[in-house]
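For reference, the structure I am asking about is given below.
All chains are identified by letter, namely A, B, C and D, in their written order; residue positions are counted from 1 within each chain.
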Amino acid sequence: MDLLLDIIASVCLIAGAFLVFVGGFGVMRMPDFYTRMHAASLTDTGGAALILIGLMLQGGLTLAPVKLIAIFLFLFLTSPTASYALANAALLSGLKPVCRNETGSALPTGQVVATGSPDAAKPAGKPAAKKTAPKKTARKKTDAKKAVKKKAAKKPAGKSARKSS
Amino acid sequence: MEILGLYNYVVFAVLLMVGLYCILARTNIVKSIIGLSIFQSAVFLLYISMDKVDGGTAPIIQPGAPADTIYANPLPQVLILTAIVVGISTTALALAVAVRIKEAYGTIEEDKIQEMDREL
Amino acid sequence: MTIVFSLFLLSMLVLVAVAVLRTDNLFTAVMLSGVFSLIMAANFFVLDAADVALTEAVIGAGISTVLFLGALALTSEQDRSPPVGSWVPLLTSSALGGVIIYAVMQAPRLGDPNAIVHMHVAPWYLEKTPELIDVPNVVTAVLASFRGYDTLGEVFVVFIACIGVMSLLGRVRPRRETISEETFSKQSRNLRHHLIPRVVGKMLIPFIVLFGLYVQFHGDFGPGGGFQAGALVAAGIILYALLEGDTRARQLVPEWFSSVLVALGAFTYASVGVACMVMGGRFLDYSVLDPHDAIHGQHLGILLVEAGVGMTVAGVMITIFHAFARRGIR
Amino acid sequence: MTLYDQLPALVIAVLLFTAPITYMMRLHGFPWAVATLSVVTAFIISCSLAATVFNGETIIYEMGGWSAPYGIALHIDALSALMAMLITGASSAALIFGARSLADEVGEETAPAFFSAWQLCTAGLVGMVITGDAFNIFVFMEISSLSTYVLVSAGPDRRALIATYRYIVMGTIGATFYLIGVGFLYMVTGTLNTADLAARVGATENIRLVLVAAGFISVGLAVKAAVFPMHQWMPRAYTYAPNAVTVFIAAASTKVALYVLIRVDYAIFQNSIANHDIQLTLFLVPLGVLALFAGSLLAIYEKNLKTLLAYSSVSQIGYIALGIAMTSVAGLTGAIVHMFNHGLIKGGMFMAVACLAIRYRSVNIANLAGAGRAMPWTMAAFVIGGLGLIGVPLTPGFISKWYLVLAALEKGGAGAFLIAIILVSSLLAVIYVWKVIEVAYFKAPRANAVPVTQEAPLSMLIPTWIVVLLGIWFSIDTRMPVGMASRAAEILLGVK
């Protein structure tokens, strides 16, 4: 029985670790913000849940699994909210998802705008537009900043819940 | 293995360097304050690294714990609890001054402020 | 295994610190410094300092990040420092690092049980605390009783920070008084139009505050105490303020209340000390508080003192946050 | 325990206990009254402590009843009592003096916060000098620094903010250096109590750590004390702070950092590090000599009177550093007496400047033409203070320089060089003091300036003159400062 538990726990932990790794890899490799968030959500949901379940199985019938369940519930509530807030903030600040043009190659939004603008014909037009686009988003971000701020405020609580266990 | 045991202190030195460099090299006031808080955090690491004992646990003596339990040193922890609070107090005050500077001068770049003061 | 974890965390610390240094965007720098504090907290936990880890997580990663963001909203988001022209900063900081590395090569290695640090005063605390004070958490015992005078000083450091921020940012500029309530609530940036964060956030606030109270009163037995508790409760209120806007938060916790809390907490601590003197002991000697049972006196003293600390820290953090937030409403 | 036994704790308790009360006072004038009352009480208590330890006794007061290396002990000897007296005295004099000028400079709304900060600043400085615990010094150092930032930032000019910011950065770096040094010391000894540290540092094998700790502590405190190349924060802070605040911090705050420097270097390191006196000399003598010249020269070319006095403080701190570096009873006596006397002189002079500032809108020296005739009493006080800076006999500055010269004579050849430097820098002081006197007495007021005909209000003039006369009194009857200082020097150097 113990062996079985150990095996299940290890499988959960390894799968969870794998998901976290894939998530991290995705954040590095994905082309734009929204797809990256999609990758990161793997870590938040699948990865965290599997690892917590693995730990609970290892913990046995003590107080530890109860605390882990509390952490699980907490993550279950906060991480989707944080993802929502992030995505919403990005959308509000004018960051458009990547779209494909006719040739099928992905282009960041900034460049799509640049080709559409009248300056595009000039050779200097492209870098100039490239430069302005992120600036614009940066300015607009101030409105959305609160959303991210909230996440920061929540972080300590989450961390401290874990610390007490 | 010897060097691994001192890794904490080396990291402490590096963080101190990064913090001081940030304070000295940047003219932006808020950036300098961030540097200042890194500089202070580095010292926390120095003290807390001292408290660790091999095979030890946090210094909370649970009733019924075996008599030979090894506990970490509580004193540096107490000192750093104090120092963390001192750190946030300094940071808060410095940020308040930065906000007032922005309102009074319209910028938080020290070099620009210096120019403005020289014109007077 | 722990050592691998510890090495990883320490290397991450250095990387994050360098990233903070390199970025020109202050918003990024602030978020990274929050990450820095979180890694630092995890590191403290690995090093068996649970109380400090809790404090660093709440104060370093939480409240200080919020304060930085509040200050950024009022100043600017871009670091426009000119490129560094001279070698002086680099030389100074390398010299500093060199001297320290030169010195620490003689330091006892991490976790050495025979280090002098663990030989002199520390064992006495571990040995005598159960006998003299009888609380399981030795850190609390040292903090509140053996070195209670330090902690008194620390409470006044927080107090003075509050006074300072209030005297710098407290004066409300007059033109703001004239705008109508409607524009006021429109202008005060909040998340009221975001339903999901609002609902989830409101679900969490009671638990955060409850956890704060738990940390306050469980500080004798587990990690925690006045500082952590005060900061946690303040974090709960700050979260409310972020969700509902500063105006509503100030209706929930009026300004006079938080400033009374600040003064009352500091006053409680100082007056416990004076009460000990009046009852014939030395300053902050809690054992005289109960003439029949010295240990009970210590318990009573620690309870009161921690309550004072908690009140002051919570009050100060809320007041400072309000001072920044109110300044932001233009 | 009688009240008398409780005095060491009471001097701190009375200030800390009332600070929150001051903060909650919203009535007009009350914050000032409460602050003054508590600071004056603290002054009386420190006087009675000084009377107790005058003969070389040491009071040990164990906080919380926990004995020394485990708990925190207060440690009061002749030196700390003298410093406590200087701090609380300067604080109460500046508060009483500043009743009028602070009402002008500090708004009604910020008054409770301001006076509460003032009290805590006093408490922090007193706490630093009477404690016997290395970490406790850090805590009280932070109380005093944070409250000084608050006091300086209350200045009316917007440049006060920049001055405060610089002060925060430098002050925090200094305090953090001190904390690193204490950490290293703790690493090699396992204790924080200064007496215990002194006993255990010598036994350690890790001499590198001790050396680097000594370096960090000395540099950190030198930053706090504005010893020459680390002085940049000071002139601005002194110039843009409210006038009464300048009186207080110029008289007391840098001296306390020097006090801690003396304490740590002499009580802990002197007996345990081989050749520590030579290292101390190599560290402080060049800085002291540079400070004497650089401070005086900068003062000579300065246009603002407050900044001029601040630079003069830089050079006067150079004298104290020289005295500390001599590691002899005479040198240390000179340094300690000069800490006390310079507090009196600079306090008096900044008071005179504050009197001028209340009538003349700007204290640019060019603006003060004719002040000698318009405000004869104020300018007379200023001139007496200036003579003290130069070191003319019958002024307090003479006594301390006399001891420094005596100490230098003991050193032989190098001493002659030092004496020459002291004389030259006194001559430089003549130049910058004369610069002010010339404008104030011998220049006609500018045609377009608003003529000033009124002397400063009596509420300011009387405290100014009390301080000036006290200075003269202590230069004639030198039993108190010199007696206490030489006793302190003997204790520190272990000769008895």
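Convention: a residue touches a chain if its C-beta (ideal position, glycine included) is under 8 Å from a C-beta of that chain, and two chains touch if they have at least 3 such contacts.
Not measured: the values here are computed from a predicted model.
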item	value
Contact-richer chain pair (by C-beta pairs counted) among B-D and A-C	A-C
For chain A paired with chain C, centre-to-centre distance based on mean C-alpha positions, whole Å	28
Whole-Å gap separating chain A and chain D, where each centre is the average of the chain's CA atoms	55
Geometric centre distance via CA averages, chain D-chain C, whole Å	32
Residues of chain B touching at least two other chains	16, 20, 29, 50, 75-76, 79, 82, 86, 89-90, 93, 97-98, 100
Where chain D touches two or more other chains, by residue	135, 139, 142, 146, 149-150, 153, 180, 186-187, 192
Residues of chain C whose C-beta touches two or more other chains	50, 59, 63, 100, 104-105, 107, 115, 117-118, 121-122, 125, 147, 150, 153-154, 157, 160-161, 164, 168, 222-223
Touching chain combinations (by label order)	A-C, B-C, B-D, C-D
Contact footprint of chain C on chain B as seen in their complex	2, 4-22, 24-31, 33-35, 37-38, 41, 44-45, 48-54, 56-63, 70-82, 84-93, 95-100, 102-103, 107-109, 111
Sites on chain C touched by chain A in the complex	25, 27, 31, 34, 38, 41, 45, 50, 53-54, 57-59, 61-63, 65-66, 69, 73, 77-78, 189-191, 194, 196-197, 200-201, 203-204, 207-208, 211, 215, 222-224, 228, 231-232, 235-236, 238-239, 242-243
Touching residues on chain B, where the partner in the complex is chain D	16, 20, 23, 29, 32, 36, 39-40, 43, 46-47, 50, 75-76, 79, 82-83, 86, 89-90, 93-94, 97-98, 100-101, 104-105, 110, 113, 117
For the chain D and chain C complex, residues of the former touching the latter	1, 6, 9-10, 12-13, 16-17, 19-21, 23-24, 61-66, 69-72, 107, 109-110, 113-114, 116-117, 120, 123, 127, 133, 135-136, 139-140, 142-143, 146-147, 149-150, 153-154, 180, 184, 186-192, 200, 204, 206, 208-209, 211-213, 215
For the chain A and chain C complex, residues of the former touching the latter	74, 77-78, 81, 84-85, 88, 138, 141-143, 145-150, 152-157, 159-161, 163-164
